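Two complexes, one shared chain (chain A), two partners (chain B, chain C).
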Partner chain A sequence: MARMKFLCDAERCIECNACVTACKNENEVPWGVNRRRVVTINDGEPGEKSISVACMHCTDAPCAAVCPVDCFYTTDDGVVLHDKDQCIGCGYCFYACPFGAPQYPQASAFGVRGKMDKCTFCAGGPEADGSPEEYEKYGANRLSEGKLPLCAEMCSTKALLGGDGDILADIYRERVLLRGGRPQTWGWDTAYS
Partner chain B sequence: MHELTSRDPGVGDTGRKRGVKTILWSLLVLTMVALALPFSGYLLTESAQAQASGDDQNARANFWRAVREGSSGYSAVRGPETGVLIQNGGENWRALRNGPMMTYSSWLMAGTLGLIALFFLVRGRIKISNGRSGETVPRWNAFERALHWYTAILFLVLLATGLSLLFGRLVMIPLIGKDAFAAYAGLAKDLHNYVGPFFSVGLVLEILMWIRHNLPNETDVAWFASGGGMVGDGHPSAGRMNGGEKLWFWVLVVFGLTAIGSGLVLDFPVFGQTRAQMQWASLIHLGTTVVLTCFAFGHIYIGTVGTEGSLEGMTTGRVDAEWARQHHDLWLKELAAKGIYPESSSASVPSGGAAQTRTT
Partner chain C sequence: MRQIIACGLMVIGSVMLSGCLDEPTVELHEPGEYKGATDPLVQLSGTSEFNSRLQDRLLQIQTDR
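Moving on, here comes the complex of A and B:
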């Protein structure tokens, strides 16, 4: 079984934000929610670096550990998903996540947030694969169609890679060997164990 | 080397002595050098570090270290903290909440209940020593009672829903399943979030209303010194509020107000609070409410089962004169000084109520 991971190559990311747009379009993400975002460190200075970040589908996911209703589950592919029917919108996953992945369609008084929304690795949710209900709540289920997440698939510089962690590591190792320098598997030490 | 020198032939007695001296000195020097040599590494690295001070020496390491430490960059996606790549506080929050906070809070609450049960078994109900007099004095007016029960009921709602959110996953999901619990937890979360501010109003009014009765004085020292009448048969003096009640009052002031403050931070996430602030607020809310809960257990026990004649003060507003003499002797004298004397309540209750409204 594959163990799905994201890897963003900071030497390649050009901050075009196409991954953000592709994700919103493919998954019909609710207003105000961006499942993926691009962050530029030292923006405008020499040596600036950009990273595209979304849910990293952690091995020991903090969101799942703190959820009061235990609505998270990890698929056989290592993708961390959640059940929106069970989600109570308490915000705990948002407190716990290091990557700022969980987001809410609302932010109003009395802690009314609505159901949490986050990157699904284009793997939908607990409903039947490809069903309208699944699409309505979670967006596309590309994995069930044998496709990888659209953000990574359409990345013009192939900075953002999504797929089996072993294959990603091989591709990345080859790049580092060819161009020199040290590997920067950004976020991997935080997300994966 | 040592052996070679000592076996050197043709060396006289004085020469041998000098030889031994030389050996010892050279050994000492060798030892010193051997001990000192490893430290020379520090000299080298220190000079190297002096050269490398400044971020340009290991720019890449410093760069990613800054990212791991939660420094913020630019993001086209607008919103609170969207520029932060990694926020580490969440891992600490998770470790503390799921670890020590849950463990110790459950033991603290269970331990308090256990101690109360043990106390009840050993001491039993504290009776009115001289029996009821049949005469009563007014203790809590209608507004005080209404406010007390308003706050008390909301507290119990908050306690039940809060405990459900903290321990429900461990305790209730195995019993009723995820879907049923999720439905209940959604309701519990809404109740908790909506009831909280209303409880806050009640508690703040209570504090304002009762603070003048709860200022500590010397009587309280003596009260605590003699165990508050809970151990032994002595009945220490007390005014309208005894030392224990004052302690509960100040626990409510300190822990109650902190719990309210931290709760409001979590309840109204519309002022741009950061995750770090909400993580802290959550931990503080958890810690303070557990302490409040333990004291509330004690308060409820003493006010109901633990003491004969206490509860009626908060239900009917009047307490038996003998109860007052036993638990609040100074207060009874204060009442007498104000011209409020015990009245017979053997007459019908409405007339007693009417008498109360006349006197107060």
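Moving on, here comes the complex of A and C:
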């Protein structure tokens, strides 16, 4: 069975932030929330590396383990989603997630947190697929239309890949072989090989 | 007298060190049962037709040029 995953090739990412923009535009992400972010290591120095980070849709998701109202569920192809009607905005998932994926819009004054928002792998939420209610709460449901997350589909250098993990692994393995066969993600000299 | 003071210091020291004990067992949490509404995508996502459609899309759009 397919298992949906994201993979970011640090050798190809040029920190253009187009994935961030595409995500915000496609899903009408509220102000103050970035479902996807580009992180750069050694920014401004020769050899800097960037990767695009969002929810990694963990197999054993810590956010789901700590949720006191059990609002998380996982689809058969491994996409971790949540129900905003159940969410109480407690912030436990934010502390549990190693990637900082769950975020909260500033819903009102005095820093009161709204419902948790995170990357849905463009798979919406529990409302009817493609409905206005689903779009308002979770953004686009591209998966039900047979499409993959827009951030990955429109990445100009194909650094960010999203889809069946087995196919992504094959694509990445071929790239590594073309680059010279060293089995590591970081420290390559040649990009776009 | 010195022995009593030494014994007293040892008792106080051992009591203070007992506060530094670290419990090695870690409590692991398992996810509970989902309590929200049913997502129609969950039924769709397990089917082979749905998976092959997404795989075709991946090979069509995200492979190297």
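By our rule, the second predicted complex is superposed on the first by the 175 of 193 C-alpha atoms of A that agree within 3 Å, B and C clash if a C-alpha of one lies under 4 Å from a C-alpha of the other, contacts with A are read in each partner's own complex, and residues count from 1 in each chain.
Here is the rule we use: a residue touches a chain if its C-beta (ideal position, glycine included) is under 8 Å from a C-beta of that chain, and two chains touch if they have at least 3 such contacts.
What you are looking at is a predicted structure, and each value in this text was computed from that prediction instead of being measured.
Participant: Name the contact category of A:Asn25: first (chain B only), second (chain C only), both, or neither.
Facilitator: The answer is neither, since A:Asn25 touches no partner chain.
Participant: Which partner chains sit in contact with A:Thr59 here, chain B, chain C, both or neither? Use first/second/both/neither.
Facilitator: Once the two structures are laid over each other on A, A:Thr59 reaches no partner at all.
Participant: For A:Asp164, decide between first (touching chain B), second (touching chain C), both and neither.
Facilitator: second
Participant: Between chain B (first) and chain C (second), which does A:Ser144 come into contact with in this model arrangement: first, second, both, or neither?
Facilitator: A:Ser144: touches chain C, not chain B.
Participant: Who does A:Ala123 touch here: chain B (first), chain C (second), both, or neither?
Facilitator: second
Participant: Who does A:Gln106 touch here: chain B (first), chain C (second), both, or neither?
Facilitator: In the superposition, A:Gln106 contacts neither chain B nor chain C.
Participant: In the overlaid three-chain picture, which partner chain does A:Ser156 touch, first (chain B) or second (chain C), both, or neither?
Facilitator: Touch partners of A:Ser156: none, neither chain B nor chain C.
Participant: A:Asp70 contacts which: chain B (first), chain C (second), both, neither?
Facilitator: both
Participant: Which parts of chain A are in contact with chain B and also with chain C?
Facilitator: Chain A residues touching both partners: 65-67, 69-71, 85-86.
Participant: Which chain B residues qualify as touching chain A in the complex?
Facilitator: Touch residues, chain B against chain A: 59-60, 63-64, 66-68, 71, 73-77, 79, 81-88, 90-91, 93-94, 97-98, 165-166, 168-169, 173, 178-179, 181-182, 185-186, 189-190, 193-194, 197, 266-270, 275, 278-279, 282.
Participant: Inside the complex, what are the residues of chain A that reach chain B?
Facilitator: Listed in rising order, the residues are 15, 17, 20, 32, 34, 37-43, 47, 49, 51, 53, 62, 65-71, 85-91, 94-100, 107-113, 181-182, 184, 186-187, 190.
Participant: Tell me, which parts of chain A touch chain C in their complex?
Facilitator: 1-2, 4, 61, 64-67, 69-73, 75-77, 79, 81-83, 85-86, 123-129, 141, 143-144, 146-148, 152-153, 155, 158, 161-164, 167-168, 171, 174-175
Participant: Considering the complex alone, what residue numbers of chain C touch chain A?
Facilitator: So the residues of chain C in touch with chain A come to 29-42, 44-46, 50-51, 53-55, 57-59, 61-65.
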